[in-house]
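Worksheet: one structure, shown below.
A, B, C and D label the chains in the order they appear, each numbered from 1.
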Amino acid sequence: MTALAAQPWLAVAVPLAVALLVVVAGRALGAGVAWLAMVAPASLLATGIALLGGPHSGNALSIPWLVQGDTSIRVGVLGDGLAALMLVVVGVVALMVMMFSIGYMADDPGYTRYFALLALFSAAMAGLVLAADLVALLVAWELVGACSYLLIGFWYRKPSAAAAAIKAFLVTHVGDAGMLLGIALFFVATGDVSLAGLRSAPAALGTGLTTVVALLLLLGAIGKSAQFPLHFWLPDAMEGPTPVSALIHAATMVAAGVFLIARLEPLFQASATASGVVLAVGAFTALMAATIAIAQSDIKKVLAYSTISQLGFMFAALGVGAWQAAIFHLVTHASFKALLFLGAGSVIHGTGSQELSDMGGLAKKMPLTAVTWIAGALALAGIPPLAGFFSKDVVVAAVLRGSPLAGLTLLLASLLTAFYIARATRLAFFGTYRGVAHPHESRWMMTGPLTVLAVGAVFLGAAGPAIERLLLTEPEPIELGVAVVAVLLAVAGGVFAWWRYAGGPVPAEAAPVGLWAALKGGYGYDGAIRRWVVRPVMAFAGGAYELGDRATVDGAAEGIGRLARRLGGLLALLQNGDAQWYAALIGAATVLLVAAALWAGR
Amino acid sequence: MTGMPVTLLSAALFGLGLYGTLTRRDLVAVLACVEIMLGAASLQLVAFARAANALGNGEALALVLVVLAAAEAAVGLGLVLATVKRTGKSRVEELTEVSG
Amino acid sequence: MSATVTFWLLGAFALAGAAAVVFSRDALRLVVGLGAFLLAVAGLYLYYGMGFLAAAQVFVYVGGVLVLVLFALLLLSRDGRGRLLAPGGFDLAAAAVAAGMAAVLALTLRDFRPPGAQAAQADLGATLLGPMLPAFELLGVLLLAALVATLVIVGGGERK
Amino acid sequence: MPWLTLLIALPLAGAAVAALHSRVLSRPRVVALAFALAELAAASYVALTHAHAPLTEQLGGGYWRLTLDGLALPLVALTALLGVVAVLASWRVEHAPGGHFALLLALEGSVMAVFLAADLLLFYVAWEAVLIPMYFLIGVWGHEDRRHAAMKFFLYTFAGSALMLVGLLVTITSLQTTAMSERAVPATVQTLVFWLLAAGFLVKIPVFPLHTWLPDAHVEAPTAGSIMLAGVLLKMGGYGMLRVAMPLAPAAFRAAAPILAGLGVVGILYGALMALAQSDLKRLVAYSSVSHMGFVVLAIAVATPAAIGAAMLGMVSHGLVAALLFLLVGLLYERTHTREIARFGGLAAQLPVWGTAFTFAALAGLGLPGLSGFPGELLTVLEGAGPYGAWMALPAVGVVLAAAYNLYAVKRVNHGELPGEWTDLADVGSREAAAVAPLALGIVALGVWPALVLALTGPAAVALARVLGGGG
């Protein structure tokens, strides 16, 4: 254990080796390949635990990666408390997800590919949280994105999955490009790319450049964490296998943006503009995504928008400087959201459908799934004494202190959160079964992880003080007033939904009109992006190709060629095939040229 | 005798050869005129070698030219023979196949 | 004095021979003119003290090329071997080009001072087998190629 | 042992043997492979033994001056590797294979001479010599419209190199030597010399708007031709800038740097947009080359030691990635006889190895970290932000567009349902995999450990930057 604490880079190297091994030995091992792959998250977990107990310094590793002239760009890892916590979270969730996947993906022809990618993802995620500098971070950042792309498009024969994969990668890549630019500006200003340097950078950079760099890095965080205005890729990402959604698109990768800003909190707090933007983006996204979630008919879409909304909560906390609160919420959210996704996966596995309208009454047919789901739902809604209650309370209280308007926005979002999760619970697990398949409880390989995560969702709230101490801050007591209001709002939202959907789906929602249609369609944001960004770019590219490249640039070149040929046609009159005529021309030209040279050289 | 006189002589010989090359109408004569141009060139070369007191170099170069000329004559005449055999024409104005 | 006379005498011979080649209408006169020209040039080589070159000139040209030309003329002997003026002013234009060429050559070479005799190797053999060895070897290859090429060309013509 | 001469002579000898061999036996491809492998072995040996000190060679006392330093070595190694890949890629050439392989090896030898030349005349001769085999490879073994494409390729690059020749002549007369050195031409002619030389190099790279020969040439070229064209020939332009134009005219280069940077950025964006609009897979890859070489031009314009290193990284990386992409497109064309993207789809299911390799190549093409494109692009943007600051947002946009066209291509080719006409396609065989594997390994190795190139280029890049910075 102490060895792991001293060599945290092993948390990257071991999963990488595992991923390779899975690829190489996949066929030989058959179904057992999953157990090999589980070594990857286990190594993350072990490293994380070792780091939690061990010393948090002296384990830095930094190697020169790009060296030329005076420029030396190093990449390195550094295992501190935050990294340790993230490693544990990623390790546990990944381990549970892999175990769940053994059952979920059992009959899939791409079984080996799936587990290789998950192992690779573990490596990249470990690199992301352990990164000691921006270049290592960017490398890991884009690699998790690539894993996400490959896993969303895992069922590549489905056109919708292929499209969703591209969309996810491109939208997050917009953020990555901003991040790249931010790193470049910071590097030029200080000649440094280390995170430590960036944390102490504001003094060196000055306010203006600090704001610019922080905003550019924020763009990357917004893309990865699916915040407005780059939030619209996450719902589509649900095309991937559900365990992937649980791991990457709920618990770990999408939280990377939160992690990044938490890492760089001094930078953001040095710029009022940057932290203000973080707060505004977070609060707005929290509310907006919650409103969309209430109208979704697809159980995974509900959870997707819920994830966006909860990440907005975390961003809002980051915006007011309460980064420990944000990380606390990140940890509890990872637990209960992964639980909800896996629960949804279990349900989808049983019913063969993702539509809430095809479910109903599953509590009787899938009791263990139902119980664990409800634990996750209560945690998400913020009902005490479950985990979500504690972490959300810290977040909302901190935001209220920093900005009452944002705090109220979050409270409103809490109400909606309770409403949509109660709606989903009621429609899926209660009432009468409306589907055609014959749902049954999943095997223990799938329910086991659910149980583990449910334990986390129930009890992690108690870990709050320990987490905050780990992150080097004094735990704050529960603010009773905020807690009471939040719980009351949550209960109100939940009860209203329970009553509203008592009789199964509301028929009007099947053919939505007006506001409900807008909510269900995510305010038409997707279509607007397609219409105002994607299509113009494609049309511009097509037009530029036809009119610009072919007609103008190439046309000019070919035109010169044709002109030359036509001139050549005139000249061809000179070319009568008489060799002596040619020789005479050559001679005359030589005489003229030499004469010119003689004249010039007088 | 170096310098201007030999330059004038070789230039005049070269001009004559060029004129013949351009105007003679049968291939063998054209070749003969080309030989005259080559001879003029190597004459100048030898004169330069004399002037530079580098006899070995100049002589060697001129020798190279002589051999080149011999090779050229052999191939050229061979071509003429082949052309005549193939087309029955040995007159330049009848041979316009190199026309673009 | 006598050297100058020798030079101009040989020069006149060369010019006359060249003129005969260029202007003669008769095939035999052409051959004689060419022979005169080549011999005169060989004489000039001798005048410059390059005995071996002169000998080579006589052997290769007079013994080789001239005979070749003669053969060719005999083989191809047909009517109207005489010179024909090209239609239009081509003849005049060619004369102008040739005169211009002679003029620019004379003007260019007039001021040319060959670089000083760095090597100063007077021995032809040493030169050929020394610094000029690559050129010498290439010449051998060229001659061989020319031989083969001539055979192929003439032979190829027969087969057609 | 005159290793550098050997590096040039070996492929040329191979070309001669392959050309003659076809009359005697019927296996010119075996001869070609043997010579290409021998060349690779020789290049590897030289690279391993002389990596840290420039190697120079002069034969015959004349213009045959060769040198192998940090700028040449990565490209020499790349050329030797791609030579083998190109031979493997054209294994099934049926039309006049002797000529094809002879030209391929002749091309390799001439390119080697370009990279090794330390004499301006030799450089020029080798530069032009490259044109000839390439012209015939496109013109004889190309696809439908090959004549036109070959002529266009020839005329474009020939026009450029004619200007380059004038530049070289001015240089030679003003320096009174043909040897390459760190000596610059006099200040009065620097601007003239720089732009004359750059004209030749920029056409070859190519930069907008001198690029339109490239897509046509690529589309019509046979697979091996495309591999050599994209993998090696384009690098001659960047190499020429670094080796010839910039040291000869440093002051003029400094004045021209913003223009070059602008050309680079335009190339990045323009090439990416054009690639996005393509319906022909090979044309798409061709335009992506324009985009990638834009990064190289940008890095060259920045011209700090690290930027020069980035340019070299970018060139080697593009050599590997573009070669892999063209190889894969060629393998697909061999099977389907079409390059029309719209007719593909779902190939990942039918051709798992091919599909995986294609996705891999596309990810490398979009500059994914861990693969070879990333370090060069990262270093370019980091170094470029110094002189050009926020303008680096434009290459960053180019990075997004690169992701778009690459993944869009993967989606349309690899994903979705397999059209009925392709249900009997055979996957990549072992001979083809042998061509794919070294490229893929190289891409990963360079992406993980870019010092493979940077360690070689370091001293040369520092020296070049010093010449450029040092007041002419």
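Before moving on, here are some points about what is shown:
Here is the rule we go by: a residue touches a chain if its C-beta (ideal position, glycine included) is under 8 Å from a C-beta of that chain, and two chains touch if they have at least 3 such contacts.
These numbers were taken from a predicted model, which means no experiment stands behind them.
A count of C-beta contacts for the chain pairs A-D and A-B puts A-D on top.
Averaging Cα coordinates per chain and for the whole protein, the chain whose average falls nearest the overall one is D. Note on chain placement: the centre of chain A and the centre of chain D lie 36 Å apart, centres being C-alpha means.
The distance from the centre of chain A to the centre of chain B, each centre being the mean of the chain's C-alpha atoms, comes to 81 Å. Remark: chain B and chain C have CA centroids separated by 5 Å (rounded to whole angstrom). The distance from the centre of chain C to the centre of chain D, with each centre set as the mean of the Cα atoms, comes to 49 Å. Among the residues of chain A, those in touch with two or more other chains are 580, 584, 587.
Shared interface positions of chain B, defined as residues touching 2 or more other chains, are 18, 22-23, 93. Working note: touching chain pairs come out as A-B, A-C, A-D, B-C. For chain D in complex with chain A, the residues that touch the partner chain are 152, 155-156, 208-209, 211-213, 270, 273-274, 276-278, 304-306, 308-310, 346, 348-349, 359, 363, 368-370, 374-375, 378-379, 381-386, 389-390, 392-393, 396-397, 399-400, 403-404, 407-408, 411, 414-417, 450-451, 454-455, 457-458, 461-462, 465. The touching residues of chain C, counted against chain B in their complex, run 3-4, 7-8, 11, 14-15, 18-19, 21-23, 27, 30, 34, 37-38, 41, 44-45, 47-50, 52-53, 56-57, 60-61, 64-65, 68-69, 71-73, 75-76, 78, 81, 83-86, 90-91, 94-95, 97-99, 101-103, 105-106, 109-110, 112-124, 126-128, 131-132, 135-136, 139, 142-143, 145-147, 149-151, 153-154, 156-158, 160.
Across the interface of their complex, chain D is touched by residues 64-71, 73, 135, 138-140, 142-143, 146, 149-150, 153, 156-157, 159, 161-163, 165-166, 169-170, 173-174, 176-178, 180-181, 183-185, 187-188, 537-538, 540-542, 544-546, 549, 553-554, 556-558, 561 of chain A. The touching residues of chain C, when paired with chain A in their complex, are 86, 90, 93-94, 97-98, 100-101, 103-104, 107-108.
Chain contact summary for the complex, chain B toward chain A: residues 18, 21-23, 30, 92-93, 95-100.
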